[in-house]
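Okay, got some structures for you below.
You will see two complexes here that share subunit A, one where it goes with subunit B and one where it goes with subunit C.
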Partner chain A sequence: MSEQVIEVPKQHQIALKKVLSPIHIWGLGVGIVLVGEYMGWNFSVAKGGALGSLIACWVIGLLYTCVAMIDSEVTSTVAAAGGQYTQAKHIIGPLMAFNVALYLVLAYTMLEAADATVFGDLLQEVAGNFGVANLDPKPFVFLCIIFLAWLNYRGVFVTLTFNFVITAFAFIAIILVFFGVSPWSPGVVLHHADLIHGLPYGWIGIIAAFQFGMWYYLGIEGTCQAAEECRSAARSIPLGTMSGMITLVIAASLTWYICSGLLPWEYLGQATTPLYDAARVTNSTWMQVIMFVATVFSNLASANGCINDASRAWFSLSRDRYMPPVFGAVHPHYRTPYRSILFLIPIAVSFAFTNLLDQIITFSILSGLLGYTFMSINMVRFRRLWPLGSIHRGYIHPFHPLPAVMLFLLCVTVYFATYLGYGGQLLSIMAFFIVASLWFSFHRYQYVKRGDQFTMPWPRPKGY
Partner chain B sequence: MAKAHFVPKIQSKLGQFVDCILILVLVYVSLYAPLFMQGKDNGNSSNSSQKVTWQSLNQNTYEAGQWKKLGYTPQQAQPIIQTRFEYSISWPVLGLTALVIIGYYVFMLKISDKEYREVIREKFGDRP
Partner chain C sequence: MGFWQIFSDLSWAISGLMAAWMIYDTWHVQQQYDESFLMSSREGAEELTQKEAGK
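Moving on, here comes the complex of A and B:
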């Protein structure tokens, strides 16, 4: 290993634009996740019955509340693109950071592919209802990804303003349909007593439901990716993330209540678009139309947010030379990580065209889960290396280390849930991350500048 | 005191391209690998040759009505209704899975710590 004394030159670099406010952070976080209420959460019903799904919704809600609390503190202090990747780089070390960035890029790119696939399938289904049989969804999937990538290329402000508007519509749509099904009159439209039959698999079914229970909230941690583009990260990230989490708990509970009161649990457990199907069986045209539009909007919002987040994570990796530095460029006019955005388009399209929706969703969920496990370790180290008062924190979360410990234990439970349903995928994905880690340590890290990785104006970490 | 900086190697364009492709290939391998393994559990369904009715599928009047609204006949709904998951635990496989996950994190944290010390030494100088 060659070492020499050099001076690090100061370079003028074009930075990402600081234009975002709390509503954009809300639009990004909720936008990525809300699609989970329109599709995906209901697979937890198949795993543990309707009641099992509700318990999973609340327990996993607790997991994500811990994630939101931890993220709010660390991100409001480490306000940089890359989010958890940059946190890992400063708090744990390069190999962890590389892995975290891979979790992020893969989780978001695969979620984007899943969103676009469902968008295409939904158009195909509706076209079928109007007599256009066998509509090929692939061109629509492709156009959806291209349109959203173009939006991201043109600027973060317009991208996340668009996301805020369509996400707000999708959220309000759930509330409107909730009131539309007269929840104050059980047995009129909603028939929970006729449709809920206890726990078909007992308590182990509830644990198994945790895996898809993550779909209620998966991606809320993506708010951190926008930290470098916030006018005030210390204000926007905690406000946007916490309010986003509250929005999601409300949306998840309402969604469960509507769907479990209208659809047989066996059907619900395998439905592609459960809220839209729930609207169909009400025989109400306005509810059906609003749910169709909202399902499309939620898919677009999620894919849009995923492009934003995956590109920031890839950009950050490349900026630090963890991956080829060519992708670390910022557009001189739009001030977006345009090369990363463009690079990820064909990858997302290829994932969408694999017809492996199951595998893609499981890979996405597991990448998220590995990231949450990291967060619990990261939080404990963060407080230990820089105790309260040693650096300025934008936000300090209460009850430390309780959220970190709780998050870790819940992650262990979800690993077990994943083993119950997708043990093969779990081992396969772990093998991928182990091989990627070896590749990074023994090959890729030789291209990385060591001291340049630590960019925060903090004192030396305690114990180092 | 001047700090000693590690000078990273410069990678060729071809090398950068190969690195990107390699990661992508690994992702695809891990996506397709489970298809060739026995680990996937899609649930089991049983079909019988007897005449299927909503009653024989244990669906009450309201449930049968909802299935009809969704466009299903008892025959079409049967495989959905009768699909069941089996949550059997193979302790050796569970142990192996736990070992892989724990081993992965231990390896990653140990190597990260070694690399982190190098970063801190270069950034802040030798430990006082």
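Moving on, here comes the complex of A and C:
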């Protein structure tokens, strides 16, 4: 078969498609995170009790509000795929950028694998309810990853429109169940007075709960990966991210209120699907059905958003030759980073098939946490090198440097919380990033076209 | 063969077809287009163009 190679003028460039609006950004950010309301957040209850979990929800909410504010300001200026990677490259330097991109790719790919694993487990549980015991979940895990990768391959607009719809359903489901449990009549359906017993492990329990409190919001920072595909990044990213953060604070508080009023904290702290279990306690069929569908949708939305974000981070790394440049290709028809999407499929599948869900989740949280720590340093440096007025900003966050300082202090506290429960994993992931940094500095960086990686038309930074 | 067994087999089959289609499409695009064009995307290209146009 002979194929004719399409001749393209040399100066002609291909680019990712600019089609996204604020609702897509909301769907991407909330979509990645909302699964944390359906499962995962409740492990904080095991650490600090129901009240400890609520305190963790709000304190960690403060951490993510700082993340959202900082991200919105920097991304409204650096409107490029890669998000925090691109920010780090321009503001701090190549080694930091390489590490940040690795955090992003690992965090999102592992989260995608965890979502797909849970999707398979949910179907296995349904099959069990129909009398089919020990059904192999692998085909469903595989289908979940491949279908969503296929969707991502074929275009960002349809991918994130799909994410918006299923995420909106999962969010509305929480609100419907909240009204379904009659919150205006305490003691009828909800029994907070009987089920909440102060702080079972004292203040140290609250600190320990911070690690799992991150599940309420983990991934909202992923909105800025879509910056290069927004019709107006300066408008869409701040609007989508901040409205997403407000949505998540509401969803997290409602989720806590529903679950802690229906389930004893000892059970809640180890439940796999707390919202679904809470719906089962009510004996309401419609609530059970809606919670099951919403749990599945939240899983799909999270995995879908993670594929989108991990592929953009990998694409940006490759485009700058931090990784083999072959992955920096854009599909001429769908205008997606199709080779990056394809490349990450076997990695996600192999993580998912290991079935080490808790390890995968811990590594995902730690990768995210390393990224947030960087963001606080990045913000201080950004304002110092390019003060207000020196470049156009789509959004300026208030009270600088308070959010950056608060973010840094909260990250340190969460490191301590993680060390209490997962010290080994924390040290091993640190060791991994040190080895990766050495490999990048002494081997990979020689292939990078140093002049080509800084393309933003910014003025010379102050002091240089 | 029960419903769940058929569902499992169908999941493998549909996944296989989608994966095969993506691999075929990737190969097809590579045959049709010049590699330098596929990799010509540049970060901030639009911002640069706007700046140049504004000069």
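Please note the rule applied: the second predicted complex is superposed on the first by the 452 of 464 C-alpha atoms of A that agree within 3 Å, B and C clash if a C-alpha of one lies under 4 Å from a C-alpha of the other, contacts with A are read in each partner's own complex, and residues count from 1 in each chain.
Simple rule for what comes next: contacts are C-beta pairs under 8 Å (C-beta built on N, C-alpha and C of every residue); 3 or more make two chains touch, one makes a residue touch a chain.
For clarity, every value in this text was computed on a predicted model and none was experimentally measured.
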Subunit B versus subunit C as contact partner of A:Val132, first or second or both or neither: second
A:Ile23 touches, of subunit B and subunit C: first, second, both or neither? neither
Contacts of A:Pro324 with subunit B and subunit C, given as first, second, both or neither: first
Partner chain(s) touched by A:Tyr464 [first = subunit B, second = subunit C, both, neither]: first
Contacts of A:Ala80 with subunit B and subunit C, given as first, second, both or neither: second
Of subunit C and subunit B, partner touching more subunit A residues: B
Partner chain(s) touched by A:Ile146 [first = subunit B, second = subunit C, both, neither]: second
Which superposed partner A:Arg280 touches (first subunit B, second subunit C, both, neither): first
Overlap of the subunit B and subunit C footprints on subunit A, listed as residue numbers: 3-6, 8, 325-326, 453
Residue numbers on subunit B that touch subunit A, as the complex places them: 2-11, 16-17, 19-20, 22-24, 26-27, 29-35, 37-41, 43, 59-60, 62-63, 66-67, 69-70, 72, 77, 80-81, 83, 85, 87, 89, 93-94, 96-98, 100-101, 104-105, 107-109, 111-120, 122-124, 127
Footprint of subunit A on subunit C - complex, ascending: 2, 4, 8-9, 11-12, 14-15, 18-19, 21-23, 25-26, 28-29, 31-35, 37-48, 51
Interface residues, subunit A side, partner subunit B - complex: 1-6, 8, 46-47, 92-97, 99, 102, 106, 191, 194-195, 201, 204-205, 208, 262-264, 266-267, 270, 277, 280-281, 283, 321, 323-326, 343, 347, 354, 356, 358-360, 363, 373, 377, 415-416, 419-437, 439, 441, 443-451, 453-454, 460-461, 464
In the complex with subunit C, residue positions of subunit A that touch it: 3-8, 12-16, 18, 79-82, 86, 127, 130, 132, 135-136, 139-140, 142-143, 146-147, 149-150, 153, 228, 316, 319-320, 325-326, 328-333, 338-339, 341-342, 345, 453, 455-457
